[in-house]
Amino acid sequence: MPRDKESIVRRLKRIEGQVRGIQGMVDDDRYCLDIITQISAVRAALDKVGLEVLDGHARGCLSAAIKSGQADPAIDELMEVLGRFLK
Amino acid sequence: MPRDKESIVRRLKRIEGQVRGIQGMVDDDRYCLDIITQISAVRAALDKVGLEVLDGHARGCLSAAIKSGQADPAIDELMEVLGRFLK
Amino acid sequence: MPRDKESIVRRLKRIEGQVRGIQGMVDDDRYCLDIITQISAVRAALDKVGLEVLDGHARGCLSAAIKSGQADPAIDELMEVLGRFLK
Amino acid sequence: MPRDKESIVRRLKRIEGQVRGIQGMVDDDRYCLDIITQISAVRAALDKVGLEVLDGHARGCLSAAIKSGQADPAIDELMEVLGRFLK
């Protein structure tokens, strides 16, 4: 999925920049609650990337596994990963 | 708080490296669910930094505000930020 | 899925009881942080039920949709619901 | 805090009703994704109650502890509870 891949890498680069920005805020002794607001924004951005990767997985590997009669192990694995992602 | 500050910046640098690592995983077409597992790890790490910053805030600014009779606006602001952080 | 259904209803009944228990704690002026700990436990229990329902959905409706060539609308809908569940 | 208490109990009663409603949805074999959407709504409602209890704690016990020079143990305890609530 080349198009999704680019979009995901672009989002991750932006997140990397945001994390670096938070380091700068800490270094500059910026107000704690502004730092937490920024951390919340990065978390929300990470969740979006996670959902985008999950979307690609559902349309790709998961659909292929279900069509080829391998639904059960594929869904077991997905649920385990989702359980961690949800926390 | 110079000691906390160093620990927070160190954690953020590690998170930055993890985010870069996830970009590499996407570039290398690594398995989607491994990527999501890594994203979950970064989220958990971000939550820990957030809590560490919050801890510093509670001991510093918030305690000072409460002692000087400014509890109400300080707690209003904290709750608003926590509401976003919790999502 | 009769077996899952029973297990899900049983979990929901337990959650209902826990929520009633928290009302009792509030009525009895129990310590705020103990109340929040109980609220966290209910949230974790709700997440587990949500995952169990999701598991049934993936094995039932979603698998059927994918096998019958209806993957795209089924996955669009799933991702939208997951986006809300993740918050 | 009698006023907050009433508002918190009222919210918890509504949540209890919502949980009972979800049991009915499961019993009636309602569509899985609608059930998950309802579970997400209950989680969001629980988070709001949690924040309301936390708000009362910050204005009450926590402020009193900080004013009487007991900030450190009070904040240690708060951070531990917040760490669980955040998950």
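Order of writing sets the chain letters: A, B, C and D. Residues in each chain are counted from 1.
In this text, a contact is a pair of C-beta atoms (placed from the backbone, for glycine too) under 8 Å apart; a residue touches a chain by one contact, two chains touch by 3 or more.
In this text, all values refer to a predicted model and were calculated from it rather than measured experimentally.
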item	value
Maximum centroid distance from chain B, chain identifier (CA atoms)	C
Equivalent interface positions on chain A and chain B, same or different at half	same
Distance from chain D to chain A - Cα centre to Cα centre, in angstrom	26
Separation of mean Cα positions, chain B and chain A [Å, integer]	16
Inter-chain centre distance, chain A versus chain C - centres from mean C-alpha coordinates, in Å	21
Shared-contact residues (touching 2 or more other chains) in chain D	47, 50, 54, 78, 85, 87
Interchain contacts, given as pairs of chains that touch	A-B, A-C, B-D, C-D
Chain B contact footprint on chain D (complex, rising order)	47, 50-51, 54-55, 58-59, 62-63, 66-67, 71-72, 75, 78-79, 82-83, 85-87
Of chain C, residues touching chain D in the complex	5, 8-9, 12-13, 15-16, 19-20, 22-23, 26-27, 29, 31-33, 35-37, 39-40, 42-44, 46-47, 49-50, 53-54, 56-57, 60-61, 77-78, 81, 84-85, 87
